[in-house]
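Paired with subunit B in one complex and with subunit C in the other, subunit A is shared by the two complexes that follow.
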Partner chain A sequence: MEYYRPQHLKRVLQLLGGGKGKAKLIAGGTNVIPDLRGKTIQPDALIDLSHLKSLSYIKEGNKSIRLGALTTIAQMASSKVIKNYAPILSEAAQQLGNPLVRNRATIGGNLSDASPAADTAPPLLALDARIITENATNNKKAIPIDQFFKGPNQTVLKRDEMIKEIIVPKWTSPHIKTAYIKLGLRNSMSISVISMALWIDVEEMFCKQIRIGLGAVAPTPIRALKTEEMVTGKEITPDLIEACGSELKKEVRPITDIRASAEYRREMASVLFKRLIERVTFEQRE
Partner chain B sequence: MTKTHYHAIGKKTVRKDGLAKVTGQEIYTSDLFLPRMLHGRVLRSPYPHARVKKIDTRSAEALGAVCITFKEVPDITYAERIVTIPQKTFKDRHVLTDHPRHVGEAVAAVAAETAELAEKALGLIRVEYERLPALFDAVEAMKPESIALYETIFFGQEELRVSNNVAATREIIEGDIEKGFLESEIIVEEEFRTGRVYHAQMETKSVVCQPEADGGITVWTTTQTIHNVRQLLGEIFKIPLNKVNVKKISVGGAFGSSIQMNSVVPIGVALALKARRPVKIVLTREEDMVDHCKYPSYIRLKLGAKKDGKLMAGHMRVIVDIGAHNTQAYPLLGCMAGWWVSLYRLPHLKFEGKAVYTNKVPACAMQGFGNPQVTFAVESLMEILAEILGMDSIDLRLKNYVGLGETFWGQGPTVRSIIQSCGVEEMLLKGAELSGWKERKKTLEGTIRRGLGMARGFHTSGAGAPMPGEVIDYSGSIVKINEDGSVDFMTALMDLGGGTLDALAKIVAEELKVPLEKVGISSVDTRTTVYDVCTHATRGIYCGGGALHKVTAQAKSKLLEFASRILQAPPHALKIEIDEEAGQGMIYVEGVPGKRISVGEVAKTAQINNWGTIAAVDSLRQVNCPPTFNAQFIEVEVNTETGVIRPVRAVLCSDAGQVINPDLAEGQLYGGLYRGLGYALLEDTDYDKETGELKNRGLFTDFKMLTAEEIPRLEDIQTYFTHTREPTGPFGAKGIGEAALNPTAAAVVNAIYDAIGIRFTKIPVTPEMVLKALNEKRNQG
Partner chain C sequence: MSKTKLYPLKININGVWKKAKVAPEESLLKVLREKLGHTEVKEGCGKGDCGACAVLLNGKPVNACLTLALQADQQKVVTVKGIGTPDRPHPLQESFVKRGAIQCGFCTAGMLVSAKNLLDENPNPSRDEIKKAISGNLCRCTGYKKIIEAIEEAAQKIRQTIYDKR
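Up next, the complex of A and B:
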């Protein structure tokens, strides 16, 4: 196996396009190294991104915040900008893995690995983020995150393409609330049994718009579109919440694995939804 | 408790190995580098059951690697755990095998200049396997139509046929249970299951072997017993014991995982002998996880009682799925019977145990050797019985427990002795008071429900008894007083991380009245020590410390004899006390001024006058294995929406006799609680029935253990030590370690029952199980 450690993005893209057999990007390596060890991947070459400091940033613009693909989860967890404009992403980052993992793991790696349980995905889905990619011929694309994942460990990325940055829009309405919950087999160092992020534009219990991002309940991180539709343009009532909970159980398509059964995950989808809705509407009730 | 004036016993002190450990300077097997050392790796079966048809190591050898296969290791069937006497030891293992019976069983090994090269060479060995049908369920395995995993195994020297894959059975009867149940007014019966837990000791099993010019070998390895490793290596490789030297080296935790000579040890030795160079093998975590696990159990327990709560009869049936090897399931079954009958008086009882082979990771001792399994069943059923009787469960326990003056045989039917110290009553009453047992009330409303549960248990301090039984149990030491009044002691007893050797140093310091800093724990090996069986069975302080106490007293007699020559008073007129300022033990004649001399001066005078070294060596078999009792009160919160159980508070009571290291003893209680909570709520290993692999693939990612976030905070854990002294123990001490975990699982399920009214009989109790049970209960109305 060959190993490359380019200093510039251009060289990375060149290498990716170079047809050097099966090349694998490695950022923090917290997925790649265990996969290599477990022989679930057997690449011909590794392209180490860890020296691309130019892709490690969190920037605040007028309408959005931008995160370089090599931004670590630890950087995200401690970032004021993310805390202010994407608090659910901040929470998800704080709960991902453990401090050792967070110091190495990157957001680009988390999304590209495309685990159904990738913890940054549900908040980014709820926040309607876009993924900016670039390929060997310097073609850039902006992919809405809900179109990025294809299946377990599969994305729309082509072989010569990589993530450059992630764009999270700032929200415009003053009535937007967000909330996030991760449920694992323990409170830390735990891969999600289910995670859920909620973004809602709600005033006096009237829901103008809602986005629900879910992890570990389908082959990819997903949006709960049907449930969202049930709530959009409605007054939020206990009956509606109950109905949404039931709908969510149908909408998710979880599997049974070593961490939990499909039934448990379904059940939890509804429990977590109720909790999140209660959290975001707490001040508006009574 | 008699009034005592100890300067070392019972005092909080800084551990002698503490500084080296916290600064990373302590040397473990994996830290060793010897000149010309090669790195070894082991080739393991990817199949749960197979025959090796062909094996080709030529490409690996072409790389310069030294290779061994099953053809090149001594053709000997051995047992890796030799704590049991040879006549009662089952043997079914080979150094390398052509018939792997679990995923991860070793078939070949390589050694090369670097770890990378060894890894590469490993990948070049070509093996052709014939896959055989595999068994993953003990009950299934016992069916006559199931494939036989073994034709024969050895029992002592005798070759035994294995039928229905049953590796060992045990039936024990006392009284007449039919009569006992007939006389009972209430009968309760339940089935209990416990998980297949991985030891998860911090240091993975490792070995370094150096072949010596004289044909001998020197070995460093992760073990709980250097002498048993020595004896087994001598037997396998036909090397006289004087040429097999096993060095004592720190181990990074054990929990029972190294009670045997681990399978990697003879592989390392065989490689080193072939290469004629030192070889080191450090298991990866993935390899370590397929090496051993805790015995999982299926227990069916029936108890009969009178209406006043007096137990009349008991019947316990046990099936243990031991996996691919018999790592002494026979004594395990004896102990399981023993743990049971030594908890409560049963006039009529019957125990039936079966240990069954399957194609899984071999089970071996782990914290309690069957005791947590049995105590989980017994203490759950006692709670059920108490409820039916309408009796407070503490009263039920007080009425029936085996206590002071009674015979008990915790370590199995051949290890019987009389209980001479007992803090059961004190613990139950005090624990109830500290935990608010009597005032606890039910909250059956809301999402979060709280419940308080209790359970008691015990473990033996070692396996000694007046009569020699099936278990070998004795220890020995050498004590030497140096010419400045400091002391060296040499023991083969291993410290598994709990601070056992610190306790031993305190025993020496106390007996000789020298300051603790002046007692040195010598680095030793099998050449420089007398035999100690093993650090297991919570025997370190009581048996190892007991032997050391005896030897120290012998050295003290010699010291006093020399002092008597100097002071011109008979030895029995001499007293000894510590002089902290002088940093010396002082010998004096009471009431006679001027007749006073330090231990150092005596030793120096003896040297100058050529009287000799003040030293002693001896062995001691303890003729008891006193129960170190305990009781735990645990409070949990159950979330009825997610099923998540959170232990929030604990009162941990221990009857360890005289406590020698108070902070470390507390640490043992915390550690037992921690691992016990994991046993009750989380830790388990499951198998992929298609591939025979562990579902967690040997990774900690999916062998989950609790973290500090899921256990009660330190300020919410109370510890309590009883005011007992064990008359047969060194300075009144008993053991503590394993006892600290034995009742935890039962206390947790009892607390869950208290919280939500649902009784779980299978552990770990997962959120899924809780939720499912809650839904069923709701649906029933």
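Up next, the complex of A and C:
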């Protein structure tokens, strides 16, 4: 196996495009190293991104926050900008893995690993984030996050393409509420059993727009589009919440694994939705 | 898979620069233990669940099993031996012994590394902050109570030292 430690993005992309057998990008290593050890991946070369300091940043713009792909989860968890403008992303970062893992794991790695349970995905889906990629011929793309995941550990990224940054819109309207829940088997170091992030534009119980991001209930992190459609443009009533819960159970496609059964996950999708809706509409009903 | 090449590694461990030749896929943990003689860093699960192999990499606690040795090239690593010595132990090391926060001792090296980072950043942590800081370190003997008490005691000692210096 060969090892490269490029100092610049340009060189990374050259290496990816160079076609030197199978090359694997490694950032924090918290996913790649167990895969190497378990021989579930056997690359010909490792391209170590840990020295690409230029891709480690959290920048606040007028309308969005830009996160460099190499930003660590620990940096996100302690960022005031993220806490202020994307609190559900901040919560998810604070609950990912454990402190030792958060110091290494990166946002780009969490997304390109594309675990169905990727912790940063549900909030980013709810926040309607975009993923900026670049390839060997310096072609840049802005991929809406709901089009990024293709299957368990599969994304739309081509072999010569990598994530450069993530753009998270700043939602500043007072009518926009967000909430997040992750269910795990324990508090620390747990892979989520199911997680849900909610973004809603709501005024006096009337829902103008809603986005529901879900983790660990389908082959990829998903949006619950059918359920979203049921709520959009409607008055939120107990009956509607009940109906949405039933729709969500149909919309998710969970599996049974060592952490939970498919039935449990399906049931909890509906329960979490009710909890989150109650949380975000609590002030409206006061 | 093609034949694995070896690459030169130069790493600062507890203040001393050391060299080795390592393969790309070798973890920092394996190289510390098997090539550089730092067996005070323990291997528990080997996949980031237990924290027994925690070391400070440029001041931040990380799992050495989830870091490539080559990712620590030219960087600073501190192991439990770099935190204090038998002659001049760190307040944490003293209070772990005094409070009986050690039974089999296997998690201790990693626990101390996580606790050291916590007290460096926050010499007055709440019980909850202590629990969070060591949440990546598993202990199967003491049930954490004595460990948490030991960290609290060390924090108090450190605050006293800071106060005395003023």
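In this section, the second predicted complex is superposed on the first by the 284 of 286 C-alpha atoms of A that agree within 3 Å, B and C clash if a C-alpha of one lies under 4 Å from a C-alpha of the other, contacts with A are read in each partner's own complex, and residues count from 1 in each chain.
The criterion applied here is as follows: contacts are C-beta pairs under 8 Å (C-beta built on N, C-alpha and C of every residue); 3 or more make two chains touch, one makes a residue touch a chain.
Everything numeric in this text was worked out from a predicted model, so none of it was measured.
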Subunit B versus subunit C as contact partner of A:Leu100, first or second or both or neither: second
Contacts of A:Glu2 with subunit B and subunit C, given as first, second, both or neither: second
Subunit B versus subunit C as contact partner of A:Val271, first or second or both or neither: first
First (subunit B), second (subunit C), both or neither touched by A:Leu185: first
Contacts of A:Pro34 with subunit B and subunit C, given as first, second, both or neither: both
Greater residue coverage of subunit A in the superposed arrangement, subunit B or subunit C: C
Which superposed partner A:Ser261 touches (first subunit B, second subunit C, both, neither): first
Doubly contacted residues of subunit A, that is, touched by subunit B and again by subunit C: 34, 37, 187-189
Residue ranges of subunit A in contact with subunit B within the complex: 34, 37-38, 183, 185-191, 258-261, 263-264, 267-268, 271, 275
List of subunit A residues in touch with subunit C within their complex: 1-3, 5, 21, 26, 28-30, 33-34, 36-37, 42, 44-46, 48, 50, 74, 97-101, 103-104, 187-189
Contacting residues of subunit B [partner subunit A, same complex]: 286, 641-643, 682, 686, 695-697, 699, 701-702, 704, 706-707, 709-710, 767-768, 771
Contacting residues of subunit C [partner subunit A, same complex]: 1-2, 4-5, 7, 23-25, 27, 46-49, 51, 54, 57, 60-63, 65-68, 70-71, 73, 114, 132-133, 135-137
